[in-house]
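Structures given as structure tokens follow.
Two complexes, one shared chain (chain A), two partners (chain B, chain C).
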Partner chain A sequence: MIASLASRHSWFEATARARLAGLLDPGSFSEILPPAESTPSPHLARLDLPGAFDDGVVVCHGQLEKRPIFAIAQEGQFMGGAVGEIHGAKIVGLLRRAVQEKAAAVLFLIDSGGVRLHEANAGLIAISEIMRAVLDARAAGVPVIALVGGSCGAFGGMGIVAKLCSAIIISEEGRLALSGPEVIETVAGVEEFDSKDRALVWRVTGGKHRYLMGDCAMLVEDDIAAFRSGATELLTGWTEPAPSVANLRASQQALEYRLADYAAYRDGLQVWAALGVAEPDTVPLLDRDSMVALKEGLPT
Partner chain B sequence: METLEFRFNSKPAPRAADPALCGVVGSGNLEILVKPGMQPDACQLSIKTSARGFAETWQAVLGSFAASHAAGGTVIAINDMGATPAVVTLRLAQALAEYQGGAR
Partner chain C sequence: MSLNDILDKLFPAGHAVAVANQVITGEATTAQGAVAVLGTTDAAAIDHAMALALSAYILDTIERHPGRPLVFLVDTSGQALSRSQELLCLNGSLAHLAQCVDLARRQGHASLSLVTANAVSGGFLSFGLMADRAYALADAQVRVMDLRAMARVTKIAHERLVELAAGSPIFAPGAESYVRMGAIEAIWPVPSASLLEEALAAAGQAAPASDQRQSCAVERGGRQLAEGIAKAVQNAARGA
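This part shows the complex of A and B:
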């Protein structure tokens, strides 16, 4: 086990560019609008804040086990991976190009707190355009796979975008939700949600919880190679029904049942017990393989 | 934010085909983009930094970099979010090595 830990490259700790370098086939990374050709955010400059050359997102084409794919990687360390106007335009353009070129897939490395509030309406519009572009790609038969395991998780508008993707691969370290913990605490009070209680935050938004709830297709180790093999496995023989109103209604119904079943609970521990987990207290300490075995043994 | 421009004489660097980027604009960090320039014996630098009033420190750190490395013929652009001089020095060396294809 020691040797395997030493050879592991943490997804959580890596930059967006390091994640892409380890995710794609070696030498296949080809960036679209690289930093020397891109433009930093004019909105941040107006607010007297330094921008980033790539506006916090890398878009590229490359190969995954020799399949031609496109990829998007958000940089969580730059302004919390937040979506500004240029950042969003790069993502939308990449998704549209993937449709035109009938790519085998788009891998969307989400690491974002949502909209970049400094850019106000431009950021909000960017998020809604990303949502539409993701659905258009899926309707055109291009699967969009979300990979969530960065320090910012997938929150706010990007939490919604993650759920619009064909499937989500998440690590224990990854988080997925709509309002972030600090936002809930600020709006509803610390009695409602204590954002300083990190164990609670992970029991409610973290990768293990999302996997047990069926929100994510796959749980992987916090390892770039594990995300790579997970994405490869998921895309092998991938099929999904085209988005339809009937499917949306069915999802809506399932969410309503879920709300009725779990809305009264305060903690992931209670939800896991209700799901049929015999010893919910042990879940936070289970390793990835034990989690998969636990999930597969749950009553459906 | 403060914008600073510097130009230092430096021994010519081997000319690279592609620009190189390293670092991230995060708290206490910076990103550095190295591109080929027109003057083979000079290193031109432009900095956008969130920390105002450190022009003299930048001049000392960048001057020492240009004197100790062959960085001539490069144009270097920096976006800084309050990196310390030690971090700036390390990132500059890393960026130049990547520009010359040797960092990995």
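This part shows the complex of A and C:
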């Protein structure tokens, strides 16, 4: 146990490039449009802000357990992983390439607050293009798997993008939502959402909550190797379903039931109790394996 | 302009549209036949219930009226800002709505959206920007955030943003910026049945599932980089 903790390499703390290095088969990483062939955002330069040659996202080809795949990794440490014109276009281009080449999968390492406000319109439109491109990839039979566990989580338009992916793998540290708690607090008041209450923020947006609710397919440790084995496990035998009315009808019904049952709740503790968790107070303390056992034992 | 005025001008041949919880659903008659009319009104802050009402109506239309065009009327101030909404994964319901619009396209339903008053961030992403083509009325407000709020968040002086916005569709709020950026086809001076007929005809001819916004942006002098970057990524020789 102690040995495994010592060898753990935190996904949360790693850079986008370090995540890819540990996620893909050793030596298989092959960047497309690497920094040497790219230029920083001219829109940031106009605001006298420092840019990055990769504009905060790495797109690449690589292998996962010898399976050729594509990957996209957002760098949360640059502009909060936010989507600007170049950043967004790299993602759209990669997703389109995955369709052309009938890739086995796209791994989408999301770590982003959403639209980069300094390029607001370009960012919003780019996210709309990413949404369409993810759905195009899936419709072409290419699974797009979101991996969420970085310091910026998946928020704003990137929260929507994450939920358009075939499945989401999330860590306890991962967060997935639309509006950030700070935004809600600013607009609606601290009584509505106290963004400084970290435990509350995690009970509303965190990985355990999203996993228990079924919004994320898989919960993994905050460990690059755990994301790697999770992605491998998920993709083994995965068949991307064709878009269909029947599937969306089923989602529609599940979402309607959930809203009818839980609309009045304001805290994860309440929802977990309603889901059938006997001791919801203990959920924040449970380790990953106990969480999986808990989830699998819930009434369906 | 009231919703009824807009509907009367867009659909002089008749419309039967209900509004409940700021959600518009119904149908209308055009020269090209019946269309589904749906969307939001009064600057709706999109929540789960609204998103699911819209998605349910899209699924009903796909099942009951194959091929019927979808006309979205967009008036949204963004997404609902509340803890209970986030607790139930609001981004998930918005994604579900977007997927329903996308499925309609794949099943041969032409779609267009018309921003009647406001189109802001998440609310706009979930359906207005998912349509084949988007249009806006002349006085519509289209934006991610107003410049004052943007100044607060980015810590860049408001005056500076105003000055830069004057020359940059990249972040200047307004429908005109979105036309130049490739996301809005055209601005309509008034709601008009003839403009709607033209737009429906154009949407019907567009290749399904092909997103042309990057190339439009280059032609219109908006986003100069996106198309080239996306193509470079698509076509780059694979590295060693």
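In the analysis below, the second predicted complex is superposed on the first by the 297 of 300 C-alpha atoms of A that agree within 3 Å, B and C clash if a C-alpha of one lies under 4 Å from a C-alpha of the other, contacts with A are read in each partner's own complex, and residues count from 1 in each chain.
Note that contacts are C-beta pairs under 8 Å (C-beta built on N, C-alpha and C of every residue); 3 or more make two chains touch, one makes a residue touch a chain.
Here the structure is a predicted model, which is why all the values come from computation and not from measurement.
Visitor: According to the stated criteria, A:77 is in contact with first (chain B), second (chain C), both, or neither; which is it?
Guide: The answer is first: A:77 touches chain B but not chain C.
Visitor: First (chain B), second (chain C), both or neither: which does A:15 touch?
Guide: In the superposition, A:15 touches chain B alone.
Visitor: Looking at the overlay, does A:199 come into contact with chain B only (first), chain C only (second), both, or neither?
Guide: neither
Visitor: Regarding the shared-chain residue A:34, is it in contact with chain B (first), chain C (second), both, or neither?
Guide: both
Visitor: Report for A:159: first if it touches chain B alone, second if chain C alone, otherwise both or neither.
Guide: second
Visitor: Looking at the overlay, what does A:51 touch: chain B (first), chain C (second), both, or neither?
Guide: First partner only, chain B.
Visitor: Return first, second, both or neither, reflecting whether A:259 touches chain B, chain C, both chains, or no partner chain.
Guide: The answer is second: A:259 touches chain C but not chain B.
Visitor: Using the superposition described at the top, determine whether chain B or chain C touches more residues of chain A.
Guide: C
Visitor: Output the chain A positions appearing in both contact lists, the one against chain B and the one against chain C.
Guide: Touching chain B in the first complex and chain C in the second, residues 34 of chain A appear in both lists.
Visitor: Along chain A, where are the residues that touch chain B in the complex?
Guide: Within the complex, chain A touches chain B at residues 15, 17, 34-36, 40, 45, 48-54, 75, 77-79.
Visitor: In the complex of these two chains, what residues of chain B are touching chain A?
Guide: 1, 19, 21, 24-26, 29, 31, 33, 35, 48-50, 77, 79-81
Visitor: Help me check something: in the complex, which residues belonging to chain A touch chain C?
Guide: By the definition above, chain A touches chain C via 30-34, 37, 42-43, 46-47, 59, 61, 85-86, 88-90, 92-94, 96-97, 100, 115, 117-129, 131-133, 135-136, 139, 154, 156-157, 159-164, 176-179, 181, 183-184, 187-188, 192-193, 204-205, 209-210, 213, 215, 243-245, 248-249, 251-252, 255-256, 258-259, 262-268, 271.
Visitor: Taking the complex as given, what residues does chain C use to touch chain A?
Guide: The touching residues are 48-49, 52, 55-56, 59, 62-63, 79, 81-96, 98-100, 102-103, 106-107, 121-122, 124-126, 129-130, 143-145, 150, 153-154, 156, 160, 164, 168-173, 177-178, 181-183, 209, 211, 213-214, 217, 223, 225-234, 236, 238-240.
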